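Sharing a structure here in structure tokens format.
Chains: A, B and C, in written order; residue numbering restarts at 1 for each.
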């Protein structure tokens, strides 16, 4: 039991006294248990209050299934789009020198400082039937608000900065010497990107994608304003959870919430596993 | 012999082997240029890691393509209105009617098929009454709205012109196929002895009611209390306002919707009395067991009329109009009325209902919204920005 | 395009393509909706906007939103630093589990988080019952709002500081120790300044996120006007009243204040970076 809290490198001058370590670890574990694990356990225990079969059968209801499908579809569209955007933005910002760069970074960060409710409001103002643009879309029989495109736009808005924010600092630090070397050796632009840049940023990219994915699946506020809440059509998992909870179907609501948490946890565990499996590789790329 | 060397950690070069250098490095000829570096082990030793493989150019391109395909599908799927498909009706409704309309939609389609029609695809949307009306104004293409109060449908008529002004006279009973009222839900045995509206302003009584700004049901709660106070104080509006101010002074949580309040009272154990729709109170009893709560009927309450309306301009075809009109009219049939009674609504036609469902409702003196001058007057006076409800809080 | 915007030539290709993709997506997804919001604000006019925002009710709601966000983010600043340090520097049982769970607040829909927290801290909940004898109320008070905001803002500081701690050079600490500095002095004078930029970034992100939070807070706050009514709820209330102008006004006020705060924090960050000699 005595080595429960040994430091990474047992070098006494670069770590804290044993007592301090125990206190710090204890504080962290207790606070995490109260702040993070208690709500999670509450969700799972509510879901399983009537046993596994009730929880699982509530997930196979057609409305719940279509909500799961819609959420997965939204994530499948939004996450790759944001990844492409993030890579493009990071490439333009870190590999080139142009005016107004700081302002541009602030604009990319903007969705973080906008309340999701306001984001939904802005989209309704822009594409609702009372706006010129919205009226044009409706005249051409294209639905934006209260349909899939609106949900996609709202989700993209709130998850917008995640990938770019992860990539920009990493790529800034790495500079552009390696890419220049590759180009000098005659590699094409794309080849340079895929063989030189991408391996360097893959961890940051993976991390950004995972965060973006988790947030995309969990977004409620902005989507609630713009979804129209049509059962089995425009209800994402978070919206469906709120609806079920309001119908006193708390087992079904929490089962769906637990399923959503599991989806996110699986991706997070996957990330941890990859990090663990490729720890050496990871430290090698970080080192240089 | 062709060899590969690493120049930096990520840059490789390939060329014919020239000579060995010190430290294990080699020199190669890349066709005119000589480079030196650490040789990379032959192919079989450098197994590509799955991570690296996943990020390889080929996979990434495939991913890009499938992503573009997915977006294409998403966009093309959006305006999917096919002529051959069955008639669709979207019913945009408020929160507490979920159970009722789920049952009614089945009942209607059964009856509709019996009449020799193709079944209709019935789509439901539920949410706070005001928010649902706003969605319809902003373009949610509902053929039918079934909301908590006529003020919310008035707003749709006013802002979009998709419904004629006199929509409420198009169907019987002010277009309200079912009604409800406001009752008190108290804890088992009524420990605080709450019998009527004046008990709600007691020192140690906590009242749970949602925010009238965001909840239609809460507006009925407010008006029922206001109506009682006006009668109690002989029409003195100042005293009535003091009464409701005291009432809301006893409210520890203002939820945004009626269901939120019920959850706060029932599951979180907050408060001594819940002001609730009668149907919500019965539903809570059914869900939580009869021995957890009691229903108290006050001396005066209000006749809450949740109206229904056809959104004329959202109708695309004659077949759709025919089905949507039948959908609303059939709400008044004996079977549908019995269904409403079964779902704890006070319906008009009791001919097909079971004895038990009818006997459930106690007699109570009910004020009507007309006693307050109708919603067109009530809404701005009481609940608009700066109205009496706001004055209660801002006067504190 | 290249010559017009670029400040100096770069041998790397792809500026047009990457810049093009970035600006297109940025415009459609972010700038256009925000422009619609600003446009709406312009048609109302500054005087009317001020009129709509300048009431006691809105002022107290804005104050509450920013105060609670500030308190929660300060807590997350300290706790996030502690958490990141412990996760990187110590090895203990369950470390990997905690590390994986940090991002949970992103994944759990905010409404679920709000319901779960309320269930725990309501007077009849597991923690609420424990605290009731001491007359401590958490759910339906301002403390409940802090709790919800701490929950949703937790990952930001941890995730921005963690990589920097991983990159920290042990030699610096060794040198400091060799020169006779006590550990606490090393931590304070050598390590903390290095972490400051990352800490500030995480703090700013957590703050911005919690100011606008709606889904989780409305379940655990009492939502009483002038007491526990947050600004995003007021926006929703104005929307329910079909009063888009007033909703836009409050939305713009929030946007301006959080934008100003972000700018201020960015400025502090640049300043501290300069002082540190560009760490």
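As a convention for this text, a residue touches a chain if its C-beta (ideal position, glycine included) is under 8 Å from a C-beta of that chain, and two chains touch if they have at least 3 such contacts.
This structure is a prediction, so every number in the text was calculated from the model and none was measured.
Interface comparison, B-C versus A-B: the higher count of C-beta contacts falls to A-B. The greatest centre-to-centre gap from chain A, using C-alpha centroids, is found for B.
In terms of their C-alpha centroids, the spacing between chain A and chain C amounts to 15 Å. Between chain B and chain C the centroid-to-centroid distance comes to 28 Å (mean Cα coordinates, whole Å). Chain A and chain B have Cα centroids separated by 26 Å. Residue positions of chain A touching 2 or more other chains: 81, 84, 245. Touching of two or more other chains is recorded for residues 119, 236, 239 of chain C. Across the assembly, chain B contributes 137, 159, 260, 267 as residues in contact with two or more other chains. Taken together, the chain C residues at the contact with chain B in this complex read 55-57, 118-119, 122-125, 139-140, 218-219, 222-226, 229, 233, 236-243, 246. Within the complex formed with chain A, the chain B residues making contact are 7-13, 30, 49, 51-52, 55-57, 60, 63-64, 67, 70-71, 74-75, 77-79, 81, 90, 95, 98-99, 123-127, 132, 135, 137-141, 159-160, 257, 259-260, 263, 267, 283, 287. By the touch rule above, chain C contacts chain A in their complex via residues 5-8, 10-15, 17-22, 25-26, 28-34, 36-37, 40, 79, 82-83, 85-94, 96, 98-113, 115-117, 119-120, 126-127, 150-151, 154, 159, 166-167, 170, 173-174, 177-178, 183, 187, 205, 208-209, 211-215, 231-232, 235-236, 239, 244, 247-248, 251, 254-255, 258-259, 262-263, 266.
Taken together, the chain B residues at the contact with chain C in this complex read 128, 130-131, 133-134, 137, 155, 159, 211, 213-214, 251-256, 260, 267-270, 383-385, 390, 393-394, 396.
By the touch rule above, chain A contacts chain C in their complex via residues 4-9, 11, 13-17, 21, 24-25, 27-29, 31-32, 34-40, 42-43, 46, 81, 84-85, 87-89, 91-93, 95-99, 106-119, 121-123, 125-126, 131, 153, 156-157, 160, 176, 179-180, 183, 189, 192-193, 210-211, 214-215, 217-221, 224-225, 237-238, 241-242, 245, 254, 257, 260-261, 263-265, 268-269, 271-272, 276, 286.
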